[in-house]
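See the structures that follow.
In the two complexes below, chain A is the common chain; its partner is chain B in one and chain C in the other.
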Partner chain A sequence: MELKSRKHPNLTVLALSGRFDSSESARMNAWFEEQTTANVVINLADVNFVDSSALAVMVKAMKRCRGQKGELLLCNLQQTVRVIFELTRLDKAISIYDTEAEAIKAIG
Partner chain B sequence: MIASPPTASHPLRALLLLRPDPINGMAASWLDLGALHVGLWSGESLIMGWPAQVTPAGTALAATIKVNGQHCGELRVYGNFPKVMERRVKADADLIGHLATLETEINSMTLELIDNQDQLLALYDLTQSTRSRFEMGEVLYLLARESARLVKAEQAFAMLYLQGHEPVIAHVPAPRFSENTLFDYFDRIRVTGQKILYKSDVPPEKSRTGVQSLLVMPINVRGQLVAVLGLVNKHGGFNAPDSKLVNAIADQAGAQIETVLLYQETLSQAKLQTEMELAQNVQMRLLPREAPQIPGLDLFCGALPASQVGGDFYDFYDQPGQPFRFAIGDITGKGMPAALIMAMSRTLLRSKVRSLQNPSPADILGSANDDMYEDFTETGMFATAFLGEYHHREQTMYYANCGHSPIIYCPVGGPAYIVDADSPPLGVLPMSLAENRMMPFHPGDLLITATDGFNEARNAADELFGYERLLALIEQYAGYSAHDLGHLLFDAIADFSSGHLQDDDQTLIVIKGV
Partner chain C sequence: MMTNLRNRVRLEIPAEHSHLGMLADCIRAMLERVPDIPDLDTTIYNIQLAAHECCANMVDHAYSGHNGLIVATLALEDRPRQFVVELQDSGSTFNLADSVEPNLEVPQIHGYGLFLMRELMDEVSYTPMPGNNRWRLVKRLD
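So, the complex of A and B:
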């Protein structure tokens, strides 16, 4: 999985691509540990697969952001990935936006 | 051991002993020419004379015999010979000297060969004695002991030191140095990359430490210094051949130590594997092996654990005066952490069912979420869970679903569909959003609760089994008993994924109204 990040004044956008599975957990957890902004937007446009470990990483990151009075948002989910968020009802815990611009705007 | 060849201290005696023929021939030729006596002399003592019993007298022609460029004796020929024959005596003396020189060279080469052979044998012995040992202390002890014997040192020691581990030390015959001293040697070698070779000029009786000579050699494994081999006190000190031999021993020891380290690694992996299997065993015992007999229901349950322990669980709660309840869940991740949280979740749900007053499914899951939220947050995990409650008289199933799938409902006549969750999994939000839902449950209606090991099973082409296939199968075989349908589903997944490692637990409850 590829990982590209871009810093905005009060948030970081993380663009991922490829498979997001258990083999990426450690690297992703470490990435979130290093973040200095409380707000993170994950752009999943190029992610074609997530497993439960990936969901756990995102839930952990969401809790971390909220712990810092920030928010974790997702955007550009492919249909297969969106289905997983809907089935697990994680879409009720983590806000999902259609576009990156909408997600950034939501943080304000 | 190869026996030493017969040697005589004087090179001419040695030559006569080993190669008498050319010298005998030479003497016979002189006697034919009219010589009275032919002799090889060392100073004024005769080494050998021809004819043997004659004591020479009169005048003689004599020539010096040199062996390895050193004066070694004389060839004397007695008889009445003209002066010119001196040249032939000289030529013969040179020839004898040359033969004797060759002989000494062969002799010393043979000795060197034997020496090398001895060292090879010694190394072979060392390898043989350590190869079957897999305890590091024992290997180091044998190494020190054999090295001391081969080099003829009074004492020896070996210390293995791996970063982050206690050092392993062996002394032969008794410790002379403290651990600190050994560490000093180790550090010095690490810095210089060189052996330590030391010889004291202080006589033994005046020496404070009693160390007259010392040789400490590095032992490397894959280019890294891991141990030192030290030899203490040898008469006359340690010379270059000793260093060479100990160096060869250290090389050999490095290979042996690597083998032992690999063995230990394999052993601890095997131990871990055994513990994991035990954990899996314990975990399987936490799951009910058989479904209970419940009026109005036909039940089947089964679980097929993946190669490593996972976090699937299911449970039945059949208490007098209470509706029949059941739960299925899946902890994120695999391995020991998931197994531990699974055991905790199972126990907590059990106690919630028992202790809460007439709880609804959403009450039970909500209360479990309250209790476990912190632990889940701490461990970075969460658990999907579905809890159902069957009311026989009403022919109704009440349920709450915290992010669990697949839950499939197939009323009589179909179609089968996925039962959605209301709430994210347990441990995601501080407050559960689970709501109580209900579905009619008449005879022939089916509820299949499974874990994602079913829909996420993959075939050799890496395709997912998926929900569509699962729904289609259930519709097609809805007429089967719970038991038969359960087995059919397990078989279908096994067929589909043959040739692909089962990387997730497969857990299933089939409930059919009767």
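So, the complex of A and C:
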């Protein structure tokens, strides 16, 4: 999986591509631990596979962001990936936007 | 139940997270040869994810990080038309009774793996045997 991050004044956008699965969870948890911004937008446009380990990474990241008075937002989910968030009802806990621009705007 | 030998593939995969994508590739390659599967991409993804969750469970629990092999048998069957994933490990036996359904009202760190397997497949069964634990996952294709 490829990671590309971009800093904005009050948030970081993380664009991922490839498989976000159990082989990546340690690297992703470490990436979030290093973040200094409380708000993070994950762009999943090019992520074609998400497993339960990836869900766990994102739940931990959400708690970390909220612990710092920030928020974790997701955007551009492929339909097959979105269904997994719906099945686990994580779409109720983590805000999901259709586009990166909408997610950034929501943080304000 | 009938299985043409040309519709059966057997893989031996190192029990490591970094190798599990190979199984997903094989599942896709087999299903893309089947005509007229409704919502093909979703069906492929769901089977890939259920199989992956099962294998990840083997890596983390059956083998607990030790070296091991996962033996995967993938089969396209007729009458009924279905895709069957059989996964075997020779590690520790998993006690299905110990698994707890996740509370979907509260975001969880653990517990979604088996839940997803059951949600995404039509049948999920487990036969524990010392040295040869077997999972069988079935997805109807019509």
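What we mean here is this: the second predicted complex is superposed on the first by the 108 of 108 C-alpha atoms of A that agree within 3 Å, B and C clash if a C-alpha of one lies under 4 Å from a C-alpha of the other, contacts with A are read in each partner's own complex, and residues count from 1 in each chain.
Throughout what follows, contacts are C-beta pairs under 8 Å (C-beta built on N, C-alpha and C of every residue); 3 or more make two chains touch, one makes a residue touch a chain.
Values in this document were obtained by computation on a predicted structure and should not be read as measured data.
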Could you check whether chain B and chain C clash or fit when both are placed on chain A?
clash
Counting residues of chain A touched by each partner, does chain B or chain C come out ahead?
C
Between chain B and chain C, whom does A:R19 touch in the aligned arrangement: first, second, both, or neither?
second
Looking at the overlay, does A:S52 come into contact with chain B only (first), chain C only (second), both, or neither?
both
Between chain B and chain C, whom does A:M1 touch in the aligned arrangement: first, second, both, or neither?
neither
Just chain B (first), just chain C (second), both, or neither: which does A:T88 touch?
both
Mind working out whether A:K60 is in touch with chain B, chain C, both or neither, as first, second, both or neither?
both
Considering only the touch criterion stated at the top, classify A:Q79 as touching first (chain B), second (chain C), both, or neither.
second
Going by the contact rule set out at the top, does A:N29 touch chain B (first), chain C (second), both, or neither?
first
Running through the overlay: 4-12, 256-264, 400-408 or 436-444 are the candidate stretches of chain B; which one clashes with chain C?
400-408
From the superposed pair, tell me which chain A residues show up as contacts to chain B and also as contacts to chain C.
22, 51-53, 55-56, 59-60, 63, 87-90, 93
For the complex, give me every residue of chain A touching chain B.
22, 25, 29, 51-53, 55-57, 59-60, 63, 86-90, 92-93
Tell me, which parts of chain C touch chain A in their complex?
17-18, 20-21, 24, 41-42, 45-46, 48-49, 52-53, 56, 59-60, 102, 104-105, 107-110, 112-113, 115-116, 119-120
Spell out the part of chain B that touches chain A in their complex, as residue ranges.
330, 332-334, 377, 380-382, 384, 401-405, 418, 420-425, 427-429, 433, 452, 456
Which stretch or stretches of chain A touch chain C in the complex?
19, 21-23, 49, 51-53, 55-56, 59-60, 62-63, 79-80, 83-84, 87-90, 93-94
